[in-house]
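Read from first to last, the chains carry the letters A, B, C and D; within each, the first residue is number 1.
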Amino acid sequence: MAFVKDFVWKSGMSVEELVSALGSVGFQSVELDKASRIIVKMKESGAKVFLTFTSNMATSGLRGFFAQLAAMRIPDIMVTTVGSIEEDMMRSFGEKFAIGDFRPDDFALYEEGVNRVGNIYVSNRSYENFESKVKPMLEKLYARKKVWPVSEMLTEIGLALNDESSILYQAAKNGIPIFCPAITDGALGFHLFMFQQDHPDFVVDVVKDFANILFATSQDEKKGAICLGGGVSKHYAIFSCLLNGGLDYAVYMTTAHATSGSMSGATTSEAKSWGKIKDDSDVATVIGDVTITFPLAMIKALEELKRKGVLK
Amino acid sequence: MAFVKDFVWKSGMSVEELVSALGSVGFQSVELDKASRIIVKMKESGAKVFLTFTSNMATSGLRGFFAQLAAMRIPDIMVTTVGSIEEDMMRSFGEKFAIGDFRPDDFALYEEGVNRVGNIYVSNRSYENFESKVKPMLEKLYARKKVWPVSEMLTEIGLALNDESSILYQAAKNGIPIFCPAITDGALGFHLFMFQQDHPDFVVDVVKDFANILFATSQDEKKGAICLGGGVSKHYAIFSCLLNGGLDYAVYMTTAHATSGSMSGATTSEAKSWGKIKDDSDVATVIGDVTITFPLAMIKALEELKRKGVLK
Amino acid sequence: MAFVKDFVWKSGMSVEELVSALGSVGFQSVELDKASRIIVKMKESGAKVFLTFTSNMATSGLRGFFAQLAAMRIPDIMVTTVGSIEEDMMRSFGEKFAIGDFRPDDFALYEEGVNRVGNIYVSNRSYENFESKVKPMLEKLYARKKVWPVSEMLTEIGLALNDESSILYQAAKNGIPIFCPAITDGALGFHLFMFQQDHPDFVVDVVKDFANILFATSQDEKKGAICLGGGVSKHYAIFSCLLNGGLDYAVYMTTAHATSGSMSGATTSEAKSWGKIKDDSDVATVIGDVTITFPLAMIKALEELKRKGVLK
Amino acid sequence: MAFVKDFVWKSGMSVEELVSALGSVGFQSVELDKASRIIVKMKESGAKVFLTFTSNMATSGLRGFFAQLAAMRIPDIMVTTVGSIEEDMMRSFGEKFAIGDFRPDDFALYEEGVNRVGNIYVSNRSYENFESKVKPMLEKLYARKKVWPVSEMLTEIGLALNDESSILYQAAKNGIPIFCPAITDGALGFHLFMFQQDHPDFVVDVVKDFANILFATSQDEKKGAICLGGGVSKHYAIFSCLLNGGLDYAVYMTTAHATSGSMSGATTSEAKSWGKIKDDSDVATVIGDVTITFPLAMIKALEELKRKGVLK
């Protein structure tokens, strides 16, 4: 039986030491360290690992971390929403997002052409530049074939970005498919629509992409999921695993709570009713802002995986 | 200037009287009454009204209310996720969902073939019956044409359900398109995939459907949104309005908070940075479980709209 | 087994009809109706009923409702923090609290002498008037005796207020003690301190008041608690019941979640580990803003208690 | 203007490096780094620093960290609830608290004599041992004088504990008063009551202690507050500062949100309406579990203060 241990700071403390110590502190700290240990277990077991995240996380500086994780092949499959795709591309095109306030004068921002995502500001100009860069990309894709499953399209876009800091680029380069179940829900959707106006036989095939995510894992393989935030990204990963026999490992990190019955707040316990997870030592739900909790849990896991020679 | 008024119960109190009184109580009560008044404003102004909701809400008894609202043409456009579509159809096929607990033995539920959504239980059998009913529907659609934009497909499915309590049926019957930006993220996605295996030229055209939501409103029209929960349902509605000049009225009801920068927690204030809303009297954000807050705000609005002769 | 039922609006719907219908909707709606039924059970069983609330609720219009409930002797014992005492008194002295915004220019408010509590504004003037009225009250108390247990002092103040809308007055008039475990944590604390400067033998005896809350119930009696929000108000009630054998019924209404281990978020399930509650049908935890959830659950209970002749 | 920077892991990363990098990530990460910088500012400015926390935090392993911070004289004044006092004492008496689950069988725990606080378990035996140790302590205090202001009593208890890991001991040894505005709200309250039964002239003087917290700072001094969680601990610190001209620096860390108007969720912006804070660079509100966020922000501040020679 584990007991609460007094936490004490030592000068120069590493993230790994901190997270280990937090494992004996209590409340969400315990879940955080457990999440870290489950990530290590997933990788050591050779499970196929899903990493899912919502678009605000790619708007944030976690973008670079997701790209780094892809470069190290931590995830085998990624799932996100189209905002992530757009913002990753914008950053590769040289755009900068400002750090602002959670409570500014929003109408003033509007008049300055600034769009707010929490305390991050994205200017209209970034969207305009995006438009000019996306069009020629779609032209090239179309020249090769008319019907594009989403993840295959994203792989091609990723390779074209040629930016080491890009999620899409690193995913493409390392053979990690990115799924995006609501590809039209954003600026990219608008540009796909404009393109289709001129090229009526251009099709984005979401049904074909369902086959792709389904066949990305098999019944026989172990499967794990690290779900950051909720929504369709989380559900698409879990659901495709369910069809293949269920998850063996699951880490959910979110600010949402289970009490409203939403997918964002659905816990790893609820997941047990849908799948095959039996053992509490293989699941963890960490409540908190992912920009804080995910780097903590992941860094400790990376240090351990590196020491064990599991990191590529 | 409005002042706090002591709330006092009167026997036989109606919902309308309660919500009016809550407008002078404080905290979220004030926002609730404001939300109700903005819904009335939207309808009186003749604005095109978007109603968006997440799938757990259609799993709940709000399904009947959404169908009733569609029958009264309160919304002009609906946006949701595919879980809503599936669960609405299952209920029309005669399935029942049980009310259970938030903290059951989830592995025991799994072994009984029961899937949990918060405190609502859906049995595996409901999913199996769903499969047997969906296939012939897809056959009929395919016989008519090969390429289906999502909302057009949902209209046809709705008409086929022929169930007065169904959201899809009432929407179809009353000319209200239902948009679903992530149509493959669920059991329906799996059946679409299975169908496409046998009919390779069957296409669900999500890009074409972007045109449909875009042209569902115009720059000239007033536009309002009632967004229940967050995710892609909320974003798809707001984004399509943004492209048409922005929202004039917005009511957001959610359990999520603005502090994580997620779409689910994004407030109506943040929406001002993205659109054209100027006046605080035209927006409200109500924090709380939608199964409680939405009926309250909507019922008061309905009573008032009825008295004013605006209800159809 | 209960099943989800489609919710449908009927014109003129009463609060009681709404809450009954919500009992078959799902998520927090189910807990809300359950809470209402447990309140009825508590009263019918003849249990001693604790009502606890935090000070922001007395700042809101719930003040009038708490006074009304005291007049009807729904609670046998009340527990709150000193802000509630102060704000109830201010309102009895004729002060008005304005309804404002959650996101104003707070420094501007400061310069105008306005103090903000969420979206309720209390002016400095209200605090100044409070001072002038409290002093003579303390003089009178002191003239009678030097040592005052908190609840006895609050009874005397309540009687002196002579205002039918006052919580303190109705409690005093109806023999309901009000406990306040942190009596000095506010403006009243400051005035007690000022008074003690001039009257060094004046004592507020919090230890004696512990005896009062302990002897307010007995081991043999059934005990129930309705806890609105958390903090010391909630804990003081639960703890005193624990010493007397535990609670038989408990309804918790709060916005806090269990995941941080705080008293505010502690669930009725956690309470089982501390007490004697065995049966899930006798406890409910409703997550949501109390200004909305409490009137709903309480009104349905009142209508039912009235019909059954239990209301005084 | 600051911009979002891609976060990238480096092997062996220190906590200080992580928190610095998080300052450019977005959402709560930005607030976290800001909180850390404000703590440094507070200490460098020579401000009197209040540290407030709720009792669950002293139940957790943060107990050791609070003791360490007291030993380094980071806080000048501490405020907490009586649960903290009790649990700190129990740990000094040799009790161990187990780390358990958030969702156990609570009735089974009750039958085993285990009390749950989130995912921490405290056994009945710990409470029984507490009783046997507290009595002789009260005897000694009473032998010295009959009337005890709370903070003076806690200083004497702290010295008697003689345990380097104890919050009370380190506070007492380093001249840091601990205030506890609801001293009777727990097991200690019960033992004070039992003691008073036998010693009727024994008085715990909470009004006198108001003078102590008031005179712990002056109008002229700079004042800062680090408030972990909410409730009376937070309010008592802020209110006493308000009477002395207001806070110059404030860091709030909590899981509560501003939307319910509670003290736990009250933001540093709301604090501006009550005090004199003008500049946003001197306040931060971090939303998240304090067992994770506080060590992060504090460790970075400690490393910096050490380097600058400010640490004692």
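Keep this in mind: contacts are C-beta pairs under 8 Å (C-beta built on N, C-alpha and C of every residue); 3 or more make two chains touch, one makes a residue touch a chain.
As the structure is a prediction and not an experimental result, all values here were calculated from the model.
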B-D against B-C, pair bridged by the larger set of C-beta contacts: B-C
Rounded Å distance between chain C and chain D, as computed from the means of their C-alpha atoms: 26
Separation of mean Cα positions, chain D and chain B [Å, integer]: 44
Euclidean distance of C-alpha centroids - chain B vs chain C, Å: 36
Of all residues in chain A, the ones touching two or more other chains: 26-28, 56, 59-60, 103, 118-120, 257, 259-261, 269, 287, 289
Touch-based graph of the chains, sorted into line, ring, star, complete or other: complete
Touching residues (chain side chain C, partner chain B) in the complex: 1-9, 11-15, 18, 21-22, 24-32, 56, 59-65, 67-68, 91, 96-99, 101, 103, 118-120, 165, 269, 280, 287-289, 291-293, 295-296, 298-299, 302-303, 306
Chain C to chain A touching residues, read off their complex: 26-28, 103, 257, 259-261, 287
Touching residues on chain D, where the partner in the complex is chain C: 54-56, 59-60, 81, 83, 102-104, 106-107, 109-110, 114-120, 147, 181-186, 189-190, 192-193, 196-197, 202-211, 214, 229-232, 235-236, 239, 243, 255-266, 269-278, 289-290
